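What follows is a pair of complexes built around chain A, which joins chain B in one and chain C in the other.
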Partner chain A sequence: MPSPLPASLKDPSTLFYQSHAVKRSVITSYWIIILFSIPLWWYTTSIQRLSLPEARIYSYAQRHLKIPVEICVEDDGVAPKLQDIFASRLSHESERWGDVEPHFHGRSHCPDTPSYRVRNGPKPYVRENEIYLPLYDQHRLSSTFDVLADLINPCREATNHNNRVVQFSPQYRLAFTLLNEDAAMGSSVSNWDIQAGLADRIKPILNQLRPLHNFTIESQVQYHGRLAFSPQTNDESHGLTPEDLTVFINSAEWSLSSSASNDPVIHFVLFIPSTAHRPLHILTSGGNISPSKSFLLPQWGSITIHNPPIDDAGRNNDLASQINDQIFHEFSRQLLSLLGVPSLPNGVEHHASDSTILSRWQIDALKRRRAVENTKGAQETLMSIVRLVNQIDNMPVKDDVKGDVQGALDALEKTFSAKSLQDIFKSSAEATTLASRAFFNPGMLALLYFPAEHKYAVYTPLFASAVIPLFVAALKEIAAWRRERREGIERERQ
Partner chain B sequence: MHLVAFLYVLGFLSSVWAFSTAAVNDLFERNAAPGASKHTNNWAVLVCASRYWFNYRHMANALGMYRTVKRLGIPDSNIILMLADDASCNLRNKFPGSVYANPGRHLDLYGDNIEVDYRGYEVTVENFIRVLTGRMDSSVPRSKRLLSDERSNIFVYMTGHGGNEFLKFQDNEEISAFDIADAFEQMYQKKRYNEIFFMIDTCQANSMYSKFYSPNILATGSSEVGENSYSYANDNDIGVAVIDAFTHYILEYMESINKTSQMSMQDLFDTYNPDKINSHPGVRSDLFNRPLNKALITDFFGGVAQAEVVPPMEELLDDVYQALPDAREETTTPVDIPSHTTPALTFTPPSNNRRTVQLWAGLGLMGGLVAWVFSRPTTRKQVS
Partner chain C sequence: MRLALGWFLLSTLFVSGYALSSETFSESLKITPLPDGRVSTTFSFNTVLEGASPRDPCSLTSQDASQHYILFPLTLGQILREYAVTELHLSLNAGSWNYERWGYPEEKGVGTGAELWAWMGVDESKSVDDRWKGLRNALAGLFCASLGSLDEQRTTSPDRVFFPQGRLPKWSGNVAHQLRHASLPSEHVCTENLTPFLKLLPCKSLSGIASLLNPHRVFDADWHGMGVHVLWLGEAGVQVRLTFQSVMDPLRSSRNFLRNWSLQSLFGHSIERNCPAASSSAIHVTFSSTENPTLTPQPQTRSSTEVRYDVLNVEKPLDIAMQWRDEFKYPSIFKSSLPISVTRNLRGFTQASGKLSLILKNHRSTPQQLIYLETMPWFIQFYLHTLHARIEGHIRDDIISDISYNAAVAHSRPTTFQAVLRLPPNSVTHLTMDLDKAFLRYTEHPPDAQRGWDLPPAVLIPLNFDPNDNNSSHILNESRLGEPIYTSTLLVDVATPDFSMPYNVIIFTCSLVAFIFGSVFNLLTRKFVVLHLDPNRQNN
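Our next item is the complex of A and B:
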């Protein structure tokens, strides 16, 4: 037995906070709080990962868009022959015909609304959705087919061509710049008639391409734009070598477009060399003067060089209207080539009564190409979303992402089931836009990756100091309680 | 014996023929695309992950790279510069408004035309990952975005204080090698690049690219795991180290490169000298699909890869648009190809497959003959 305490000291067992009930309820309440907060902690730190409709994505990603083209041939006998030629071409041009499938019908089997009509005519020309071709000459039937093939599905084997065309976007900005190298030296161009140029040469094209893209236009005139290199000089004339062309744009000093929006920009630059560098020509790789005045930078835009005559008085003049027209004509050609509008095949003409610049055949071919690209793009993006979500564990997937994925899938479904080319194109564009939006959703940012050791390193110093006393106190209390119980039992036995 | 000799000659000739067509075709292909990069535009993401005056050198590193890529033709709109930017106007800077690249202060990197896209506290791991993956709020302006596509070559440069598989951002947070690898994979999945050149100057830098797993990435770092990267030199008036050794020697080499230079990445890597740099720089090229001696420095540091001369309009004032250039490739002369383009429709080069078959058939025939001749020594003896 312990010796009795002096009277001045209280017996610790009589203190109220040393009573077992209070002590134990304090410790238990700590543990209850901890246990109850674990689900809360779990809920607030977990990442919301909604499940994506993976099965549907897989099934749509594997489907292949094949755009049917119904062609009504004036003569019943010729149609099967054309179909036969197509079948024989298909065997060795299978890659080219992977996305487009023409069906030739004789007049009596024509569908109600065929895509195109082929009529007999001596000289090939197109009008609206009709083409006039020599049909009855058996020997030329194969070349007739080639013309049709080039119209419906223009070859794009050359990689250069693919590189040149800008990537699809529903919205483009066209930036026109009249750039004088140094107007202070005189004989430069002080202004151009941009409104006339746009109205005559550019706007008609943009109007026709409206079903595919929206365009915004900006323009500017600059009076001082130094070259970052000096052109080659050989007696009286100056030349740009092929290497010079690639570094022609002095991007450090020229500002050629505003950064008002995030739409892709296509640049058109009319460059007026200073009198010190005039006339400025483009040189061929052999060093000779090339007859061309302009060059393209793939996907970026085009540059045209104009050498106005040197004014004796050194004045700066406005661009003559005829030259202005030529320049914008040149710009319009380059615009078409940058947008990937195919040209009519050799020898095929646009009918004189048709006042439009582009025939329906060309626009349709472009729509087909873009629809195929967009569908592939949407499929690939959806697949990559699925792959990344599976691969990166802490990538959140929220409602808006799921909604966009669903939307993209619905649009893809429409693409595959649509009948008219415009509908196919529209829904494919929607599919690719929605799929990209889902991919680029700001909420999809995976939280930072921490290896397991880092987590221990962070959490141990934080929690160990708090949890160890709790553990120790709980263990002590449990031990005390068990000892008491044992003692109680022994006392009862005695 | 005559038969044997005849067959032998036949075999030899056939193999020669196969080899020579192979060689000719190789030459043809090389000229058509001279090991060239397929990109049409260049981007650069330059990150200085430190702040505070004593990290002057990291700001100088990033600004030095900025100056170089800009000089070599990447426009400001295609450069994302992330910089604490607290050195030039620091109270302790004796030369306000300047950041110098070398002791003796010969080159002011701050210049008059610096466009910092992410400044000060905006330089965070999250923003960096957002720039790479493109997962931005729709209100973020164009200048802060990496608007690259599948034809873009991207140069990513990072500098700061780091360790094994991490890089500190402003003494506040850190990015790990896994984060960057995942971000690159996401870019790859969304086709946001053609090729990436990743360069990092920090301690144990080579660990930062060890986790990459996406294709077409070339990476280099300043030091091995367990090794420090050191600064190049102090400037006594500025009072701190002005630039790091690895970056210094790269920038020094870059000064000899101009926009049309034909030097390759291999040439750049060959200049690495561990004695001067005081650490062992590393190169990782297993994910990169082109030989390093074909990858030009200007593929990553330059502006434009190709230009295409447009043939003049034949009838200038004619309204007919039938003579557009794009259908007739033979009239267009791409600049980087010597002018022997062939009309695409009349001549198609033998396909790869056929060439391989020729080559192997020739070799097989020759090998079979040799084996046959050697396996019958008795016959030979008898004949002779």
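Our next item is the complex of A and C:
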């Protein structure tokens, strides 16, 4: 038996905090605090990754846009024949007719608001939404169908080089530049009549294309635009080889457009060679002088070369109004080609009551083409977002990205359900704009450069040293508790 | 008949309408030998867009009209339209202008580093601050300068000092105008800023006077700076003035201590050909009437102190040269042409506090009034009650008046301090004010934090004396303002952490926390028992 303590000392087992209950509650309260703070810690350190509507994206990505075209034929008998020709063409031109589906109706079965009307006429011409074609010549019915087909759904190969057309954007900036290679050498062009050129040649086209795009225009005159290479010299003339054309733009020295907005820019450059390089011609790959005075850089813009006569006094003159008009006519052709406006099939004329340049058929064909492109673009972009987010675990997905994705899906839904061509086009444009805005959202890159390993490197020094005593104390207490229980049971047995 | 004539006149007007250019471009270069043997050169390129007016901020919501320019720089013009800027002044300077020796500069804005100020109309749809932000970012992109960092922490509105230099349009709806000003003294000016600057000129640097702007030479100068100034001249239109100033030292490369210079020796180029866009192109050379240097070639117009060359009508290549017969004698005293001179210092050696000190000398025998502007980043905090002006050691209360003070807001707004000072004749005034240097956050330090922070220059504007009114300091109008004097910049040393050790700090703190936690936890859970030692065994 241990001897009792001296009176001056207190037995530690009688202190209140030495009781088992208090000690155990101290340990458990530590553990409770830790367990409760884990969700808070998790919440404050995790990246916000909202779930994207993946199922909906997958289902919409698989859908295929098929734009119906209702055609009303004047004669009841011809309509089924045209439909038959279409059916036979569909079998071996399935790729061409993947996105557009024409329906030919006779006069009696005509829907209330058909897209187009086909009437009989000796020579083919279009007016508004009507076309006059020789309908009753049975042998020419096949070529009649070809004319219609080219109007409704121009062959991609015919409009040539798909990649020449600029990417779709609701807003473009057209930048016109009169670029003198070296005006200080004289005989250059000091000014042009941009207002007249735009009013006569460009603005009528832009007005007609307004349902598809908005345009802002800017122009400038530059007096010095050195070439980055020296053109080939043959006797009296100078030439640009096809290789030279690809490096023609000296973007380091020419500031051809302002950077006031992020809209894509289409450039139109009138290049006046210096007297040392005049006359300057475009050469064919064989080295001969090409009759063409202008060339087109795909998706960038067009360049026209003009060789004014050499002024004896060496003065710089304004551009003669006739040449000014020619040049802007050339610009307008290039603009149509860059925007992908199809031309009318051979032999078809455009009769208009007012002096509009483009027929409704051309604009409609462009709308259909852009709608199909936009829908495909939006579908692909949405799929890329899903793949990217699934691939990279640290990529945050915030409300704005989710909202844009939702918006793009809603717009796609509208595209598939819309009836009129203008509605289909509008909602497809909205879908592709929203989808690419979501894809390029800068917030998605925020934490890519701060991986989870860094977090652990910061936390381990604290957690390892603090948690070990907690674990040891908890294990000890559990062991003590079990021993006590066992002893209690044995005592009871005795 | 009369009708036909009228029709003819009308049609000729219509046809030749575009040919009558509504834009004019003129260029000039002013060369001045300075008293200390250096040569000051000032290029000025002026483009006027006749009949144009700044964009009404109320029209910002609708699409802007197309811009068609011939000589006016398109890239700058679009920025001005996009943010509806009425007046804009940007200067990028390297080195500090020595007013004592060089007198007033041709172009007033010579504060070290970058300085940008703009007057903009107020409109609810797009606030002035948003447009100011867009403007400085656009200019940063255009000039390849760090103007984007002229953020809210550096933007002030000292409208007693920076009056509009052109006119402000009166739009319908009584649109008010507001000033935004910011400076970045640590900006370095170099070739990457000059290249975009030259691209704004119609003739770039390929013909005319601008062909002299050779980056190898102008950035070798003792002082150099460029400026962009956009003003509205009222009916006359919008003016863009691009300026380039430099102070070069011909004595540095001279063997016989003669101050001779030529365009070739200063710029490494002579003018080979005219700029076809320039309506006038002139070189002015000034000299003091007591000296009589020889100038080649013979100038067209000559007065006692200035000659003028009309570059458009001079035989090319043009290489103007000035030659002296006598050796240059360095003057022992510089006779200042300025009414006052100023020295500004930051005193105190600690990283927590200091004292701003200005020494102002009035050289004139008449009292001199001036406006004093001090803009400081928020981490320099003034104690306004310690602001004292002393003359010969005595505190004088009558010197400082009309104080306007916008206190700084930590981490956001800078300090703006404006006051009117009245200096007695032939006096030396000491101005002192205590200040605190705030403790910056870890992320607020600039790269190379140990170097310290550059503080913007103070601006002093002498007021023209108005004999009719004794106490006219309240009426601060533009006509009374003299030319501004920029003080040198200051470098302040604020407390900087050791950036290389954040991880060590984390480890150290964690260990300490873990140690304290462990001891407390142990104390709370330890079991104390009484040990009984056997006394018999102890005795053995």
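In this text, the second predicted complex is superposed on the first by the 403 of 494 C-alpha atoms of A that agree within 3 Å, B and C clash if a C-alpha of one lies under 4 Å from a C-alpha of the other, contacts with A are read in each partner's own complex, and residues count from 1 in each chain.
Note that in this section a contact is a pair of C-beta atoms (placed from the backbone, for glycine too) under 8 Å apart; a residue touches a chain by one contact, two chains touch by 3 or more.
Just so it is clear, the model here is predicted, and its values are computed rather than measured.
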*asked:* Looking at A:350, would you say it contacts chain B, chain C, both, or neither? Reply first, second, both or neither.
replied: first
- Between chain B (first) and chain C (second), which does A:439 come into contact with in this model arrangement: first, second, both, or neither? first
Exercise. Counting only touches as set out at the top, which of chain B and chain C does A:138 meet: first, second, both, neither?
Worked result: neither
Of chain B and chain C, the partner touching more residues of chain A is B
According to the stated criteria, A:62 is in contact with first (chain B), second (chain C), both, or neither; which is it?
neither
- Partner chain in contact with A:91 - chain B first, chain C second, else both or neither: neither
Which superposed partner A:261 touches (first chain B, second chain C, both, neither):
both
Of the partners chain B and chain C, which touch A:8 in the superposed model: first, second, both, neither?
neither
Dual-contact residues of chain A (chain B, chain C) 259-261
Given the complex, residues on chain B that touch chain A span 33, 38, 40-41, 70-71, 73-78, 113, 125-126, 129-130, 133-137, 141-143, 145, 147, 149, 151, 173, 175-176, 178-179, 182, 185-186, 189-191, 259-260, 302-313, 316-317, 320-329, 332-336, 338-339, 344
Interface with chain C, chain A side, in the complex: residues 2-3, 5, 9, 11-13, 15, 17-18, 23, 26-27, 30, 182-186, 188, 190-196, 198, 214, 216-224, 226, 253, 255, 257-261, 316, 318, 321, 457-458, 461-462, 465-466, 469-470, 473, 477
Counting only contacts in the complex, chain C reaches chain A at residues 15, 18-19, 21, 63-64, 66-71, 74-75, 77-79, 81-82, 138, 141-142, 199, 202-204, 206-208, 273-277, 503, 506-507, 510-511, 513-515, 517-518, 521-522, 524-525, 527-530, 532
The answer for chain A against chain B in the complex is residues 150, 154-155, 157-161, 163-164, 167, 228-229, 242-249, 251-252, 259-262, 264, 282, 284-286, 290-300, 302, 322, 325-326, 329-330, 333-334, 336-337, 340-346, 348-350, 357-358, 380-381, 384, 387-388, 391-392, 436, 439-446, 448-451
